[in-house]
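What follows is a group of structures, each given as structure tokens.
Heads up, the next two complexes both have chain A, just with different partners, chain B and then chain C.
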Partner chain A sequence: MPQELSLDRDAVATVVKKVVVAESRLSLPPDRVRDDEPLVGDLLNVNSLGFVGMLVRIEDELDVTLPDDLFVGRSFRTVRDLIDVVTAAEVQR
Partner chain B sequence: MPDGLLSRARAAFDAAPPVGDAAYDRYCQVLGEELLAHWPRIAGANAADVAAAQRLGMPPTLVERLRLTDVHRDRMVALTAMTRQELRQVRETEVPVSGAARHVHRVPRPLGVVLMVYEARPTVTVDGALLPVAVGNAVLLRGGKETAATNAALERAVHAALARAGLPTGLVTVLDDPQRRLLRALLKRPDQVDVLIPRGSPALVEHCRTSAIPLIASGGGVNHLYVHRSADLELAVRATLDSKLPEPAGCTSVETLLLDRAVARDYFEALARALAGRETELTLHTAPELTALVPAALKTEPLAAHDLGREFLDPVVAVVPVDDERAALDHVRRHGSGHTEGVIARDRHVIDAFRRRADAAMVVVNGSLRLHDGPTLGLGTEIAIATGRLHVRGPVTLGALVTHSYVTDGAGALRG
Partner chain C sequence: MTNAVPTRWRSVLPHLSEPLPPDRTPPRSGAGSGEIKINIPTELIRHSVSSREYWDIPAPVVERYRQYRPTPLWRARGFEEAVGARVPVYVKNEGVNISGSHKLNTALAQAYYYQKAGVKELVTGTGAGQWGTAMAAACALFGLRCRVFMVESSLRRKPYRGVLMRMLGAEVHASPSGMTKVSATENPAAGNSLSLAIGEAVEYAAEHDQVAFCIGSGETYSILHQSVIGLEAQEQLAELDAGIGTVVGCVGAGSNFGGIALPFHATARAAGEPGPRLVAAESSSTPKLTRGVYAYDKTDATGSGPMEAMYTIGSDYRIPDAHTAGLRFHGAAKLISAMRHSGDVDAMAVSQADALDAGRLLARHESVLPAPESGHALAAAARIAASPEATGGVLVCVSGHGYLDLGAYEHFLAGGLEDQSPPDEALARAVAGLIRVETRP
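Now for the complex of A and B:
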């Protein structure tokens, strides 16, 4: 029986930042990315066509399963938006 | 979960004729015809995908990446014709030997069941249904859900072509399940999937690297162009511009210019002359010591630490001053991704140093980095540019989508 659990926001933030850095083809420590950094801006370049890959990477890193439709129909402007959605998701391990 | 589709693909692969059979030539020919015949339905399905993306609020630049136009149609049809021409290059060859057997041949064999994973760009569906299949592989195509209707319509054209060519339709399967669970399950089946070809975002490629299935993939293009003091600076400028402006987000685009301090001022002046009167958004991210050398007409921003090893995906080039080829090669080693590296120089020692020591899938001497392209170089049509170290590096052409068997005619010889 899969176990439902909630995620630690700091852990999610680190993973999300690591993934958006890679997705933006940058070499940068995740802690150098601010929560309010725009997903498309001077530093990051993340678009929704890369969301499938990002979701599976986030799942890999956190060792959880996120809902398939987690990013569907939502708009994300900053890194914080992504962190919030993943943190609030009903996840299974 | 994927047992059914895996066994269907495997059965089709087993039933398919060997590499070089006339059926593959027919397939390339009729696929072009079927794409044209199915085009109204393909275009209709694509319009539905595009409308759905717009309803969901996808930004216009991304919507454009989903859209198929008549130009794409013509390119896909041209690709079928080029692939047909190149089929004859994948053939049995005799290997010179001096041992016990009188003849040893290398006979091309398909790689097996190939899983392609990609995002958006429905033209990749045709790339995947064409090149691997033309040399006998079976393919599972996992595209983005944003183009599901387009891919389904393309699959119908592909199946019609396979049937007309006398090939099993199971050689091409477009996965219609957008769930990540299916993708995860497939990535855990190295017993049934022989090769994985991801084409998409860095996160997707990195996820695929966690699979035990052998992978043909690009690690991205953090590419450098080194301009030595012996360079023809007019050529250096032309090569810079051609390496960036036509496809700023392309994987062979130049990201960092490694500029010999001795010619920095002259290079910038030549660049300003070349851009005079041209509409361009080129922006240079320059190191502080170079800023005073840049003519006011050029757009610059300060170079940031995170610009090194970065793919800008925009008309932006970082400019880093270096003293010599050793410093340039050291920078390439630290920040390059092993994709495409270039040198502009007249000095033979410098050129030789780069040829021998720059460790990338392609090293370009005195030219544009965008020469790194199978058709442009005459290497053949490519399905990807690989940066891995095994099986294939550089353009992944038909010849890289097969392995081989050695076949020897012993003529009665024994080893003893």
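Now for the complex of A and C:
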């Protein structure tokens, strides 16, 4: 039976930054990425399909299943936007 | 014959010879917002990128599949004799549902996931009208509104496609519609195309709340949903104790071909054995797999999405008008393209006249009227089966019926069909600006 739980924001932030750094093909430590860093900007370069592909890696890293509507009708500008959405989601493990 | 309906889809992604090339961000146009807008259920994302092989089909989707699946598969002895086949030809007929084609297999799945994710309306583009009809039917079943942009020349030839979609509750627009910016900037006099109809749907969805764009062919998740065709065929052929040397499907972007062929590839790879030859039959007027280049190109006329690695004749190439609207797409799906590039998929170009003649033969000798698109697969299957080198049986997918395409057959019977294969120089110009996919060492 799947168990519903909420996620710790710091844990989510660590994973999200690790994944956006990998997606942008950078080699810097994830903690160097600021929360307000644009997803498409001077440092990070995440395209929309790369972005949705990150979902699976975030799920794997956190060992959770994110809800069906997480990416419906949303727009994301910064790393914080993504951290906030994942943290607020009712996930299952 | 088995009555079993598959309860799982099978993904080929774990069995690819090389991973799919990542998409490229399109060149930024002027003042981009820097925003990433996403409008897709998470499960469809997983279907596209996860390396999981088997996926449970949701119970409400299986229940709908049971209304028309398993679809018929039989040895087409009359067709074999008519084309001089040296090996058996098996036909799998996906035209036996209200949409008249395989498209319902993924339309039901997509409507289910979008409705579950809170979307209220789905909007799409359609060429031949089979996808639009499938989406209209699926939306009606899962309580969603539906809006369809259909290629104008195709809608004019097949007005009853529009009637059927409206009966199912959809709002239908001829494309170019004039109601979107992309249709205003395209030059309608230069010819209609599926990429423009899709572009109109993309733009409409982006500008309306609780509305999502959905697509029926080239997406990796669509091809996964179509795996029910091949999975069923494997069971049915096993019951007939039939060996298969070649699997054939027609390719617009590639979903019915992927659906029937890729489960055979996955099975062979999993067993460490050579599988059947997989042959993609395309229109000679849209020869992306036989004469195109492997490059990054747009998937629709807006160019707002990522550029995908595909075999393409160039998204800006003006495809000549034809009766096979479902094949008039400039590129093949990135999954099918990657398998073509790795040598796991062969391709064959077929003219309209040959396709409709193969359709005529199937109607006369097997009492099944195929869509002109499916006629391309049948013509390719006939060539392969009649070849002195033929080994093993040929399995061919009839992707849809042709009852709304009788105008095309009338044209064919009157001897009025002319094919327009693109000249080499026109193709070279159309792909000149595209970035080629790097070939791995």
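As a working rule, the second predicted complex is superposed on the first by the 92 of 93 C-alpha atoms of A that agree within 3 Å, B and C clash if a C-alpha of one lies under 4 Å from a C-alpha of the other, contacts with A are read in each partner's own complex, and residues count from 1 in each chain.
Going forward, a residue touches a chain if its C-beta (ideal position, glycine included) is under 8 Å from a C-beta of that chain, and two chains touch if they have at least 3 such contacts.
Since the model is a prediction, treat every value here as computed from it, not as a measurement.
Enquirer: Check chain A with both chain B and chain C modelled on it and let me know: fit or clash.
Expert: Clash - chain B and chain C, as placed by superposing on chain A, overlap.
Enquirer: Should A:Ala22 be classified as contacting the first partner (chain B), the second (chain C), both, or neither?
Expert: A:Ala22 sits against chain B, while chain C stays out of touch.
Enquirer: Once the shared chain is lined up, is A:Arg34 touching chain B (first), chain C (second), both, or neither of them?
Expert: A:Arg34 sits against neither chain B nor chain C.
Enquirer: May I ask you to decide whether A:Ser75 touches chain B, chain C, both, or neither, giving the answer as first, second, both or neither?
Expert: both
Enquirer: Answer with first, second, both or neither: which of chain B and chain C does A:Gly53 touch in the superposed model?
Expert: Both: A:Gly53 reaches chain B and chain C.
Enquirer: Of the two partner chains, chain B (first) and chain C (second), which one does A:Asn45 touch, if any: first, second, both, or neither?
Expert: A:Asn45 sits against chain B and chain C alike.
Enquirer: Please indicate which partner A:Arg9 is in contact with in the superposed arrangement: first for chain B, second for chain C, both, or neither.
Expert: neither
Enquirer: Which one of 92-100, 164-172 or 290-298 is the stretch of chain C that crashes into chain B?
Expert: So the stretch of chain C that bumps into chain B is 290-298.
Enquirer: After overlaying the two complexes on chain A, where does the chain B footprint on chain A coincide with the chain C footprint?
Expert: After superposing on chain A, chain A residues 45, 47-50, 52-53, 55-56, 68, 72-73, 75 contact both chain B and chain C.
Enquirer: Which positions of chain A touch chain B when the two form their complex?
Expert: Touch residues, chain A against chain B: 19, 22-23, 25-28, 32, 43, 45, 47-50, 52-57, 59-60, 68, 72-73, 75.
Enquirer: Taking the touch rule as given, give the residues of chain A at its contact with chain C in the complex, in rising order.
Expert: Result: residues 38-41, 45-53, 55-56, 66-77 of chain A touch chain C.
Enquirer: Inside the complex, what are the residues of chain C that reach chain A?
Expert: 22-25, 32-43, 45-46, 48-50, 113-114, 116-119, 209-210, 212, 305-306
Enquirer: Of all residues in chain B, which touch chain A in the complex?
Expert: 56-59, 62, 65, 119-120, 144-146, 178-181, 183-184, 200-207, 210, 220, 222, 306, 308-311, 313-314, 335
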